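Naming follows writing order (A, B, C and D), and every chain is counted from residue 1.
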Amino acid sequence: MSPPPRSATVPRPTLSESQKALDASVAEARRMGVSLSCAVLDVRGDLVALVRMDDASFLTVSLAEGKALSSALFGMPSSALGRMAASPFFASLNASVQNRMVPAQGAVPIVREHRVIGAIGCSGGAPPQDEAAAKAGLAAL
Amino acid sequence: MSPPPRSATVPRPTLSESQKALDASVAEARRMGVSLSCAVLDVRGDLVALVRMDDASFLTVSLAEGKALSSALFGMPSSALGRMAASPFFASLNASVQNRMVPAQGAVPIVREHRVIGAIGCSGGAPPQDEAAAKAGLAAL
Amino acid sequence: MSPPPRSATVPRPTLSESQKALDASVAEARRMGVSLSCAVLDVRGDLVALVRMDDASFLTVSLAEGKALSSALFGMPSSALGRMAASPFFASLNASVQNRMVPAQGAVPIVREHRVIGAIGCSGGAPPQDEAAAKAGLAAL
Amino acid sequence: MSPPPRSATVPRPTLSESQKALDASVAEARRMGVSLSCAVLDVRGDLVALVRMDDASFLTVSLAEGKALSSALFGMPSSALGRMAASPFFASLNASVQNRMVPAQGAVPIVREHRVIGAIGCSGGAPPQDEAAAKAGLAAL
């Protein structure tokens, strides 16, 4: 039996560039003196790469992913979800992704040729610090 | 505020060709004298189009989707999952997609340029009839 | 052994007319320049037919279904759920259907001989656009 | 108000050494010509770092984590779970971690000073390839 054909690829940042982005996020976190988890997701909201710094709690892992998920699915910074995050509509939407979205500051979309291809998000510091680390990662992409 | 950028597209059959495929599946089902649901999914396992014939039970909807999901994610006919479907490994895998996969005959992958871009699956008849309808749809793509 | 008797049919639009309705919804979406998913459900809230346009996100699939579900179960436009959507009563009701209802504008009930037999709902544009597409579909039924 | 004290650290490989391990796993995967996801977890089963290669499916992410989870919690290679994986006991245990354990070959525990401090697991190739990549990562720790 021949092996099945490979699957077509969901749009995403490459692993190599995602790792560079996460290195930049971690460097920014160290500069700020905080311990974060940061995650890069593809456009469908699936993980490409994730790091958790040595002093960061396990909770920061799912929070970093959840912020990046919000950002990837809405195509905007997770901080911009604002009032929508408290609406029944957001609750419904979140239920459709097993309530994994975290509508809080700390993630930004990754855009290439005018199309969202994923997002990078961080958690573990104050929300503006999380966003600063995510933006440092984005800048390195 | 300007609107967020559009998201890059997950590989998939177009809606137009998916509808043609489903029309062919329904025609084949009528020819066989059975009432089916049939579904076309993208490579990530999300719906592109679905039809339920007038005498088909609601259960056939999730079964058609579940067979197509198995086929899209494994890149092979759902009938070929065979022994794997009874393994703890399959159970684990299925848990990671909320147990929505249905490892039973009736779905085939959609391949383009040697890459899987989705799947079409049917439910409501005997398993070989479901597969025959799915294959009729595939042939129309 | 003779085969078991067929099940009685839950009231619903036929597949043929549901497809016509969805074609009209898609045409209206194109006219407005938006990419939507649209779904037709029966009176029990189960899918009859669903389409996702080529540029619509996977999220629009469950949102279109969820709006149509709200509309079918309440027998009114999903936009009319208004304040009820934020009430603990709605949350309880929604829990009983696995939180699949989406109480947001974009779906209208399908009525025949003074009885609700289903609903049609759309998602992917601004809420009034979603409703306009759903109504275009309803008009084609 | 002074900030709350920091939490004690759950035993784990450092982020820096986890990244080195994952680089080695990816190098071994490239050598074998397969596309994998690989994950390093701490002793509690929480992620320290994860990478998904450019052609690996989203499913490999949860499978790599799930194998590493089995390995970290049992303190043995996931291949050694053998018959236990099919037992009702394993099913119960797995239910207590939301069925996230994947009892299949591809992960090995990380031991330091005779104590398990985590695990590394891979998914995406044949099971022996997954394990070979995990072991290459372990050797780099």
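In this text, a contact is a pair of C-beta atoms (placed from the backbone, for glycine too) under 8 Å apart; a residue touches a chain by one contact, two chains touch by 3 or more.
Since the structure is predicted, the reported quantities are computational estimates derived from the model, not experimental observations.
**Student:** Once you find the CA centre of chain B and the CA centre of chain C, what distance in Å lies between them?
**Tutor:** Between these chains, centre-to-centre, one finds 21 Å.
**Student:** Please tell me the distance, in whole Å, between the geometric centres of chain B and chain D computed from their C-alpha atoms.
**Tutor:** Whole-Å distance between the two chain centres: 32.
**Student:** Using the touch definition from the top, which residues of chain B touch two or more other chains?
**Tutor:** Residues 6-7, 9-10, 44.
**Student:** Once you've mapped the touching chain pairs, tell me: line, ring, star, complete or other?
**Tutor:** Its topology fits none of the listed shapes; call it other.
**Student:** Can you work out from the touch definition every pair of chains that touches here?
**Tutor:** Pairs flagged as touching, ordered by label: A-B, A-C, A-D, B-C, B-D.
**Student:** Give every residue of chain C touching chain B within the complex, in rising order.
**Tutor:** 6-7, 9-10, 12, 14-15, 19, 26, 37, 42, 44, 46-55, 57-58, 61
**Student:** Would you tell me which residues of chain A are touching chain C in their complex?
**Tutor:** Result: residues 44, 73, 88-89, 92-93, 95-97 of chain A touch chain C.
**Student:** Help me check something: in the complex, which residues belonging to chain C touch chain A?
**Tutor:** 57-59, 62-63, 66, 85-86, 90, 99-104
**Student:** Could you pull out which chain A residues touch chain B in their complex?
**Tutor:** That would be residues 4-11, 43-44, 74-76, 98, 109, 111-112, 114-117 of chain A.
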